[in-house]
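Submitted below is the structure of interest, expressed as structure tokens.
We just call them A, B, C, D, E and F in the order they show up, numbering each chain from 1.
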Amino acid sequence: MNFSYLLAEIMTGFTSFTWGNAVMILAGVVLIFLAVVKEYEPVLLLPIGFGCIMANIGMSTDAGFMKVIYDAGIKTELFPLLIFVGVGAMIDFSPLLSQPKMVLLGAAGQFGIYGTLLLALLLGFPMNEAASIGVIGAIDGPTAIFVGSRLAPELLAPIAVAAYSYMSLIPIIQPPIMKLMTTRKERMIRMDYSPRPISRLTLVIFPIFVTIVVSLVAPDAAPLIASLMLGNLLRESLVVDRLSKSAQNEMINIATLFLGLAIGATMKAASFLNVQTLMILALGLFAFILDTVAGLLFGKLMSVLSGGKINPLIGASGISAFPMAGRLSAKMAQDEDFENFILMHAMGANTAGQLGSVIAGGLLLALVTGL
Amino acid sequence: MNFSYLLAEIMTGFTSFTWGNAVMILAGVVLIFLAVVKEYEPVLLLPIGFGCIMANIGMSTDAGFMKVIYDAGIKTELFPLLIFVGVGAMIDFSPLLSQPKMVLLGAAGQFGIYGTLLLALLLGFPMNEAASIGVIGAIDGPTAIFVGSRLAPELLAPIAVAAYSYMSLIPIIQPPIMKLMTTRKERMIRMDYSPRPISRLTLVIFPIFVTIVVSLVAPDAAPLIASLMLGNLLRESLVVDRLSKSAQNEMINIATLFLGLAIGATMKAASFLNVQTLMILALGLFAFILDTVAGLLFGKLMSVLSGGKINPLIGASGISAFPMAGRLSAKMAQDEDFENFILMHAMGANTAGQLGSVIAGGLLLALVTGL
Amino acid sequence: MNFSYLLAEIMTGFTSFTWGNAVMILAGVVLIFLAVVKEYEPVLLLPIGFGCIMANIGMSTDAGFMKVIYDAGIKTELFPLLIFVGVGAMIDFSPLLSQPKMVLLGAAGQFGIYGTLLLALLLGFPMNEAASIGVIGAIDGPTAIFVGSRLAPELLAPIAVAAYSYMSLIPIIQPPIMKLMTTRKERMIRMDYSPRPISRLTLVIFPIFVTIVVSLVAPDAAPLIASLMLGNLLRESLVVDRLSKSAQNEMINIATLFLGLAIGATMKAASFLNVQTLMILALGLFAFILDTVAGLLFGKLMSVLSGGKINPLIGASGISAFPMAGRLSAKMAQDEDFENFILMHAMGANTAGQLGSVIAGGLLLALVTGL
Amino acid sequence: MSSVIQQGLMITLIGMGLVFLVIIFLWWLMGLLVKVTTKAEVSVEEPEPAAISETRVPEMAAIEQLRRAAAAAVSVGLTIEARSARRRQVKTQADGGMSPWQSVHRAQQLEQHNRRG
Amino acid sequence: MSSVIQQGLMITLIGMGLVFLVIIFLWWLMGLLVKVTTKAEVSVEEPEPAAISETRVPEMAAIEQLRRAAAAAVSVGLTIEARSARRRQVKTQADGGMSPWQSVHRAQQLEQHNRRG
Amino acid sequence: MSSVIQQGLMITLIGMGLVFLVIIFLWWLMGLLVKVTTKAEVSVEEPEPAAISETRVPEMAAIEQLRRAAAAAVSVGLTIEARSARRRQVKTQADGGMSPWQSVHRAQQLEQHNRRG
């Protein structure tokens, strides 16, 4: 019986611990701090933070139960899709359907994808990695994970972390850009909301149509759009309330918890702590800024074309990041003038951004695969 | 860089689209229409319809996430069994236990299985396929899927679609047969309901006994009966309310949603749109009709033997299709005479039909495998 | 067509039935009886009992759907970990944090592990099996299953059955030992409860600290402690109520149901009914008794050292078995003197026992693996 | 007649025969079970007879009364209102797949839970 | 300019072009859909027109009124209280990711459920 | 003594020793944690001190009072009623695995949630 060997076995936890692990644990603690104290998207940041800690005290996705969860939910793409079913069941498309032109803002908010892709290429990333980084600019977690895990699975950790962290930091990232790019007068533009009536029939047909159209145009985005629209159909059909509620509650909760943990558990110091990760985090921030700028510029263009009837702030909601970006635009307008209530228009643009992100992600996947 | 190749990649959605796909999408839309507007079993028809649409725009069970779901839930037989746990937790066997002779009606309602099997053999189907088609006559979704996927997995799509669609159409299929085969006088027979008291002890022992007996007699049906009776035991034990509620809610909801989607996603035009499918759909309808006729005839026989104390309508509840068939029989009696309240007897026959279907399905599996 | 062969196929259920199966079915019925009538931990005993019946009428974990569930949840260790997330979300560590010395009782309650290990070695079990049997003395289901399935998977069935059955029998096992080992005067000691205030910050930091510390010290226990503390963090963060509720409800319910079924389904007569099993059951009972004795002795020691300010009964709560043991100690004190309210102290010791069990289990795993 | 059809008829005969056999056995078993458990409860004085021997007679009687009351109400001319009320009632039962017995059972269960809790 | 950057620009051009194309197509489709389904409901007398043609105008008007009422309240000097009330209201909407329309829709749904049930 | 038993004793010694070591370390850590976080809250004036420094003292005091009140009630002769009332109370706590502190905490949590929401 070898006592020193036994001691070594007992000490493995300490002997395999590195400074990098300590740094990453600190990063995990910061994420949890942001979640708990600042309440930035705690439902995601808390599991990611905890997963990050786990990864650096021996429970990464390399082996063990976190690998089981990663393989079952991320590799199969099930978690992002289950989350999308739940998100779809939470989305009300009637603000968008009653003012269809808002859908254009959902296209403008995708410029960040390609701007970032180009910058990443310039920085020397190969095409597949550059595209994966660009998709952070879709500003939509499930889309980023879905596309990223197909094009460059080795970069999934920093991409997902960037996507979700910046999304939760939107109330910090967007306002200065909004103030810089719009005049006070523009922000005070009131928008009339006298929408066309939307019938239940429309709301039921819409998700079916969108599924078919987008799946034909961008087959690579088909699973994403189908999940989102399935959730929406469950909601709008009004006849499967049980399923709709399950999708919005148990299903999305559990999928989100494990998605967050699994993403966090990929953040092992050995593979995460490097210059590339820092570059991706910087590029991700760039994507968020570029998206916001493009959205606002397009908002200003629409404002001018409409003869000043459109508040350009709603352009910033077109970036996706549903529903945070929509709420934020409405809040910015109200901060200028408490009577200015543009939430409905902002949510219209925001749901359009959700559609636009999925479409753009699917097309990007097709284009890069097709090269 | 090959631009035309890129274009081809972008256009795959359209180039691979066929007329058959369009027809199947239409079929999916019809199923959703029946679910949403007619409210025929929407919890199942809506996911099946949506799955059917998905299968024909590139998301069939051949690959991708629908294959993951299919392999995880249908191939392993988990989804039908999870659903049965939930169904068992919803069944109250006390009406049956307080009038045990009703259980005979659950045997009569299985003639459709064998009648259809024989007809399918005559039409040239091999034995395993004929038996799979016959099991549509069990008129019970999980049983049909369980037996079908073992005997003839290649026919699972049309079998499951037939089983679930006709089940949701029972309020259309059964009434004309009921009116044709019973006189007004028969339908007006009132049944006294002064049942023996059923103790909690009985209700707890019953599911355990049934599990043991049926598993020994029809081992192939063991998983089905065990799941059903496990759910019932959770319910009747009164001590695991948490588990019983989970089985009746989250578990059955999510299993149903994904079962429906996966079944629908097998309905790819290339493999579904053919004469065989049409024949199976026709044979399935025949099975439903034959079951109803046999049930009613046996009901009439029991009515005569009892000296006119039994309303033959309850025979039609013996086909299974829990709980729709039970409700329908009661409604038909009440339509003749508003004071005629035979719901308890009909539910007794209906739960007997549920047992009979599982037993018959298991025996069929054993017999065909044993040939 | 061979009729006798068909008959044989139909009779397989009976021909493969043995006396051993009958005995095991009876055992299953007894477990269900304890669950339903005596209400001893019905959430676990009922599924285990039903699983035991299933295993002996052809549905063991050797094949079929029970194998699917076993492989998905026990082999991957997911079920015990999911249950721990839910348990963690139910634990309030503030009684422990406000009287930190109570944590010592959580160490004392682990002597049973090693005492049983030694006894099992004396009885001729090899080291890995002896350690697996010893871990019954952790008196914590998930820990026993986690450690047992790694060290001696072939013994998992009797170990898990012993762990859970005796845990549910704690109200019968502990009281006589408590009465025997403490004087009436000791049991009547009142404890003052004027705890230090525990801030939310403390409660949030605590699970993170414990995860890191225990994972470094006992890396083999890392998944267990991380799951438990993740659940606790979900609870104490106060910002992810949705996730916390899902963990405490749907997730733990479904994991518990299937864990119980799968454990029960390993109890096939052929592999379960033997002398070894009886020895393990006897050794398990010994472990429970030894743990209680050690806990009480340590409680008496602390009582003496504190100058009679500590009621030694709370020592019996340090064995883990959260939350039954904590409640029982409080009840015993109250039975002597209705005014004696030591529940908070007992729960402090009980949560300490939960921590101690996980740590002891992890260290045992490391030591035995390191030999 | 081809051999496969013969096989089919054979299977039909054995299959339906066995179904009826098993069902008839269940019939006998159910009768026996109800008889034995009811007798057991009467003869044996168990420690907690209230909890276990709780039969459903009173509730059934209550519902029977309710049914009769509704019938009486109808007969004295309140047909339409009663009908709609009844329909609502029946619909409610139907929706959850619950018989009145089940709902009474549920209520009982809840009550018992409260009593326990 | 390197070939990979050229590829990138190409992809950007095609990608953003297609995104705008698809989105413009959706714009047209949404307009058409709303027009057709609204017309269909007006022209066709369906068996259950109430259930299907239930539009959201009245609720929207109601919320608009609510908004105006709040505004009026503010203008007469109840600024702070109303503000906090409003904030609470907005926060509530925000928390569940629900617009007022959604919540009205939910209520409707519940009501309808009750009507059915 | 056979070698395997020696191994067993060795493991027992190291195992229990380490368990006590780790637990004693946790004891120290818990003390430190409570001290530091309480001090931190007193010294640092944080933006939202109310939300974070919310301690549980008042509730504990309240429950202590409740306990004393019950005791008083018993002493004046209402033993049986109070006992059953108390038992019901204790049972309720036990069932959900919740201490009174936990339930207070829950209430707090709910309240806080409402405050936030």
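Definition applied: a residue touches a chain if its C-beta (ideal position, glycine included) is under 8 Å from a C-beta of that chain, and two chains touch if they have at least 3 such contacts.
What you are looking at is a predicted structure, and each value in this text was computed from that prediction instead of being measured.
Touch-path distance (fewest steps) from chain C to chain E is 2. Distances between chain centres, each the mean of the C-alpha atoms, put C farthest from chain E.
In this assembly, the C-alpha centroid of chain E lies 47 Å from the C-alpha centroid of chain F. Centre-to-centre separation between chain B and chain E, using Cα means, comes to 39 Å. Centre-to-centre separation of chain B and chain D, using mean CA positions: 21 Å.
Counting partner chains per residue, chain E shows two or more touched chains at residues 7, 14, 18, 52.
In chain B, the positions touching at least two other chains are 1, 6, 10, 217-218, 238, 250, 363, 367, 371. Residue ranges on chain C touching chain A, taken from their complex, read 76-78, 81, 204, 208, 211-212, 215-219, 222-223, 226, 230, 233-234, 237-240, 242-243, 246-247, 250-251, 363, 366-367, 369-371.
The part of chain C that touches chain F in the complex is made up of residues 90, 92, 94-98, 100-101, 103-104, 106-107, 110-111, 113-115, 117-118, 121-122, 126-127, 130-131, 193-202, 205-206, 209-210, 213-214, 217-218, 238, 241, 322-323, 327, 330, 334, 338-339, 341, 343-344, 347, 352, 355-356, 359-360, 363-364, 367-368, 371.
Put simply, chain A touches chain C in their complex at residues 1, 5-6, 8-10, 12-14, 17, 25, 29, 32, 35-36, 39, 42-43, 46-47, 50, 53-54, 57-59, 64-65, 68-69, 249-250, 253-254, 256-257, 261. On the side of chain F, the complex with chain C involves touching residues 4-5, 7-9, 11-12, 14-16, 18-20, 22-27, 29-31, 33-34, 37-38, 40-41, 51-57, 60, 64, 67, 71, 74, 83, 86, 90, 93-94, 97-99, 101-102, 105, 109, 112-113.
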